[in-house]
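The following pair of complexes shares a single chain, subunit A, combined with subunit B in the former and subunit C in the latter.
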Partner chain A sequence: MEDQRVTLLPVRVVGGVTVAAARGRLDHLTAGALGAALAPLLAGCKAGSPALLLDLSAVDYMSSLGLRTLVVASRQAAAQGGRFAVAGMQPLVAEIFAIARLNLVMPCYVDVDGACAQLA
Partner chain B sequence: MKSLLARLLGAHHGRSLALVLLVLAALLQVWRQEAPLFGLRHLLFDHYQRLHPRDRSAVPALVVDIDEASLVAQGQWPWPRDRVADLVARILAGRPLALGIDILFVEPDRLSPPELARRLPQLPGETLAGLPDPDRRLAQALATGPTVLAVSGVAAALPTARPGGRSVSLVSRGGGGSEGLPAYGAALGSLPALEEAAAGVGLINTPPDRAGGDADLGVLRRLPLAGRIGDALVPALGLEMVRVALGAAALEAQSGLRGLETVGVGDYRLPTRADGQLLLHFGRLAPDRRVSAASVLDGSFAPAGFAGRFVILGLTGVGLVDQVLTPLGEKIPGIDVHAQVIESLLAGDALRRPGWMPALEVGVLLAAGLLLIVALPALRPAYAAGSGAAVAAGLVGAGFAAFVAGGWLFDAATVIALLNPLFILLLGNTLVDADRQRRAAENALQASREAAARDAGELDAARRIQMGLLPDPQALFADESRFRLAARLEPARAVGGDYYECFALDDRRVCFGVGDVSGKGVPASLFMTVAKTLAAALVRRVDDLGEALRQIEVELCRNNPEVLFVTTFIAVLDADSGRLACVCAGHDAPVLRRGPTLLRLAAGDAAGPPVGALGNYPFVAFSRQLEPGDLVCLFTDGVTEATDGRAYYGGDRLLALLAAAPADGPPEALATAIRDDVRSFEAGHPPADDLTVLVLRWDGPAASRPAAAAA
Partner chain C sequence: MKKVVFWGTRGSLPIALTADAVRHKVMAALTAANGRRFASRSELADFVDGLPFATAGTFGGHSSCVEIVTGGPEHIICDMGSGARPLAQAKLAAYGAARPQVYHVFISHLHWDHLMGFPFFLPMYIPGNRIVIHGCHDRLEEAMRLQMRAPCFPVDYSQAGATIEYHAMTPGQPHAVAGLTVTPHRQLHAGDSYGYRFAGQGRCVVYSTDSEHKLEDNGERQGFIEFFQAADLVVFDAMYSLAEAVSVKADWGHSSNVVGVELCQAAGARRLALFHHEPVNDDEQLGRLLDETRRFEAITREGRAPLEIISAYDGLVVDL
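Coming up: the complex of A and B.
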């Protein structure tokens, strides 16, 4: 469990939405790496540009620092007039997300396809 | 200039400059081939001979020695020729294989009739004619056996020297002939009548450069196996004796591209240098090979002792002959050298330094040099220092093995001498590199220690801020009987940011809560301090908990560059009524134990996001009515997300523990039990996050009344 580092998979564009997929554990060891990987994508997440969707279906754990990375991303996108959302959470991650009530902070979708349909 | 040198020295750990040195060394070795460096080569080869001299246990050659004892017995040298004739006759009576005579009979005997006639002109002719001729007697004696007389090649034509002399034919195979042999202008030999009587004549010259040759350091190491005097080819005395003994008509030589390779007669050949010079493998001085001429003449040594031997007759009397120094460090009379040549010929034992040996040495020099250049900079300094010694020992050892096995002369000494500057350069660079690396490692270690100390200092500072904020519920509520409150916070190494709070708002109401700042270090601690201060102020002033929290968030977000936020659960208990007002901001729901029942104080839709995540969220409070004996347990994710590396502690384990806890146990014991259970679950796995537990038990208003009344 500890060896699994978070990785940002190759970015793809689905129906006018930029989809970045993370995988592994999202905790104090990996949150910084995810933030760094998201930074260039967030820089382009502005008003009028495609929405940025983070696919969490391969993320099996998220700590409070992981949550913070998502909040930071969400706030930056909002400040730039862009849109940032997450999708495809596993049950454990979804529970953590629900406890922290981050669905009030950023849009959360059950799956990537549905999210793309909504965001496009 | 200095920088260029420094660059060269430093380039590739000094390998570039080392390569240049190696090429220079190879060129020097080729150029100095005939004048070995510092005589090192001879020192090495002489040492090999001392360690491994030629075995002389076979006794093919004897020396009949006109020594001091003989001069005492027979009178001063030169002896009359008829006495020499007697000696020759006695030796030949023993049937030796050959008798070599290392004496030059240049002028007629003083007592020969022509000499007497010249000295005493008044002597009558018939008297003269009746006198015995000592030279003729010697000639007659020589003619009776296989005898070989000596001849010496001289450069200038001395009055007594003759051009040329007896010649032996040379059968040469492989192209070349006798061109490379030492050449002499004239011969200094014996009377023609004596030479004609003898079966052969042999050259007794040692190399012309022997005495003065710096290269040989005055040591006799080689001598020509044959030489040319005028047009005549003359074998060395020892070789001629073997030829005469074998009855062979000609010498045989084998030539190669570089000149002569072997010279010999019949089956007996020795390898030579290209100029026909034999590199002698000396045996130790053997006094038992000497027979005094006096003992032969007086019959005390029986002639039978000469049977089947090569016998050399010569002088060793002090003052009569030169002595030569051998590589073994012994001084021997020249006559012994001829005995050694004969022994070597018969045993086929000579030292070899063929024409290709220098090329091999250059090759070995280049190979060993390249090996050092490649390997040495990669070695640890201790091994690098030893590598030079190892290469040197290997070369000397291999050279000695080749010497013992076949008399091969491989010059390891010059190779080592030429490798030395290279080795010193490479070793120096390696040591400099090692020193530089050691310093770099020390600096890096120092830097990492400083960084660790800085981090530790920062963490420590953050930890002190965090822990300093925590109230002590036991001290705060020491006199309280309506409820009991206990809390425990254990910081983790990696992440921190938990806190708990409890304070009395007034006589009836107590505020408590837990929180978890998402972040670590000093910024998180300061954020926590601000949040705690704001909460204390706003909860006192604003009655509605939700509104209080909204105002806290607004204040916190006024200056929050790091986007820190905090999940929190805050509650206010009316200790008299048991009414519990709560607000939840992204925090896990506390557990409520009522008798055997366990409930979650879930806010449902009233729960808001973490404080600071949005900035101005309208938090909504909710309330529950407690019953006396109810237990409320607040916790952070340091409990539920504690891991043993495989699974998480989770909420279910916490519920099970709370269900099993004794009903009337003090909250302090319960908080400790939760901490202990989490730690034992982790089984040594280091906690990633702070662990906070806050337990409150409401015992009902009645319990407090008497105390309040009494007060």
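Coming up: the complex of A and C.
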């Protein structure tokens, strides 16, 4: 059976960009786990260091708390002079993103390759 | 409870339509008509009624004031924003000065946009009327008097002809008022605000404005789910987008449409009214916000019963 908890998959580096992929539902039960998993990556997301890209292609649901986790991450990166972006949202997640106006507060890319080309 | 009447729905500051906005609406209506001729007034009225609300109507600009009509002899009002003025006019037209009335006013908090209509609430000047102001703030009476003190206002509070009483409520405790059970709930806002849950006659209405939600606080979330539980109508502070509410406008004391939908879904509420509209948002923006909120509810429904979503506007009457 598919794991319904959100998980952060192993980090990979694509063209000089740190890519972390999340999977599953990002809601009030799982947002804390994602925040904790992102914390060490965010700590290194500073001026001069590689951009941090969160691949959301395997995330199929996002609640307000999940959205907040991403805003907090994006603001932490910005405060440190680093760059944080998301990519690969499924259509419904992209719609939720737009309704919550998150697309106005962080860079959102259609796919990981396109994002890496921009962020490298 | 029979219905809810929205007299003021704008957040923070009353606004008015500008000439430019009216011109924009006329142009949009004429564009939609596309040269069509109308055989009768009723045909024209049907056409106008079919236009988008942002073209043929307006959300209005009065600050918070909502009436709950119980069908009983006493009146129930939430907040005394500038919407209290048209409410007062309607009551005077209905009852005249010769028929004294009882008004129960529930005050969410003491910020000016929620009190500024009181000096214009004509029943306060008419002897025989009884006004009971309910609230949870220690300084409630002081705040009501303060805004009518010279040099801020020409008529002092002491000129009131009506009997004005204050009733201190306790958050979390049910209170019996005018045949209803009213329970206040403490909310996160500068100086605290309180929501009110009105239950009676088999119906339940929650008035919850000027309330920020800390999404990471699960205890707070559970408290609101209980507060909104199975409500027929939840009037909700949807002033900001979620992104604003958790970033640049965090700690400004307001919430978003997205959080309103989620809490109402979790609480099994029947209907959500977006309220305390951001003064910067024009009718078209508020119309889009309503469409988007309905879409958000639909794509996050996950097998629950549908939640009906409306956007409150000055003059809206909701049958319960």
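Heads up, the rule we're going with is that the second predicted complex is superposed on the first by the 117 of 120 C-alpha atoms of A that agree within 3 Å, B and C clash if a C-alpha of one lies under 4 Å from a C-alpha of the other, contacts with A are read in each partner's own complex, and residues count from 1 in each chain.
Convention: a contact is a pair of C-beta atoms (placed from the backbone, for glycine too) under 8 Å apart; a residue touches a chain by one contact, two chains touch by 3 or more.
As the structure is a prediction and not an experimental result, all values here were calculated from the model.
Enquirer: Which term applies to subunit B and subunit C once both are placed on subunit A by superposition, clash or fit?
Expert: In the superposition, subunit B runs into subunit C.
Enquirer: Touch test for A:Val14: subunit B only (first), subunit C only (second), both, or neither?
Expert: It touches nothing on subunit B or subunit C.
Enquirer: Would you check which partner chain A:His28 touches, where first means subunit B only, second means subunit C only, and both and neither mean what they say?
Expert: both
Enquirer: Taking the superposition on A as described, I'd like to know which of subunit B and subunit C A:Arg101 touches: first, second, both or neither.
Expert: After superposition on chain A, A:Arg101 lies in contact with both partners, subunit B and subunit C.
Enquirer: If we overlay the two complexes on their shared chain A, which of subunit B and subunit C does A:Ser63 touch? Say first, second, both or neither.
Expert: Both partners, subunit B and subunit C.
Enquirer: Mind working out whether A:Val72 is in touch with subunit B, subunit C, both or neither, as first, second, both or neither?
Expert: both
Enquirer: With chain A superposed, which of the segments 131-139, 149-157 or 293-301 in subunit C collides sterically with subunit B?
Expert: Only 293-301 shows clashing C-alpha atoms.
Enquirer: Please identify the positions on subunit A that touch both subunit B and subunit C, taking each partner from its own complex.
Expert: Residues 28, 63-65, 67-68, 71-72, 75, 99-102, 104-105 of subunit A touch both subunit B and subunit C.
Enquirer: Can you list the subunit B residues touching subunit A in their complex?
Expert: Going by the criterion above, the answer is residues 494-495, 497, 516, 518-520, 563-565, 567, 585-589, 607-610, 613-614, 617, 637, 641, 643, 645-646, 688-689.
Enquirer: Provide the residue numbers of subunit A that touch subunit B in the complex, in ascending order.
Expert: Those in contact with subunit B are residues 1-2, 27-28, 63-65, 67-68, 71-72, 75, 99-102, 104-105.
Enquirer: Can you name the residues of subunit C that touch subunit A in the complex?
Expert: Result: residues 215-216, 218, 221, 241-244, 246-247, 256-259, 262, 292-293, 295-296, 299-300 of subunit C touch subunit A.
Enquirer: Using the touch rule from the top, collect the residues of subunit A that touch subunit C in their complex.
Expert: Per the stated touch rule, the residues are 28, 31-32, 61, 63-65, 67-68, 71-72, 75, 92, 95-96, 98-102, 104-105.
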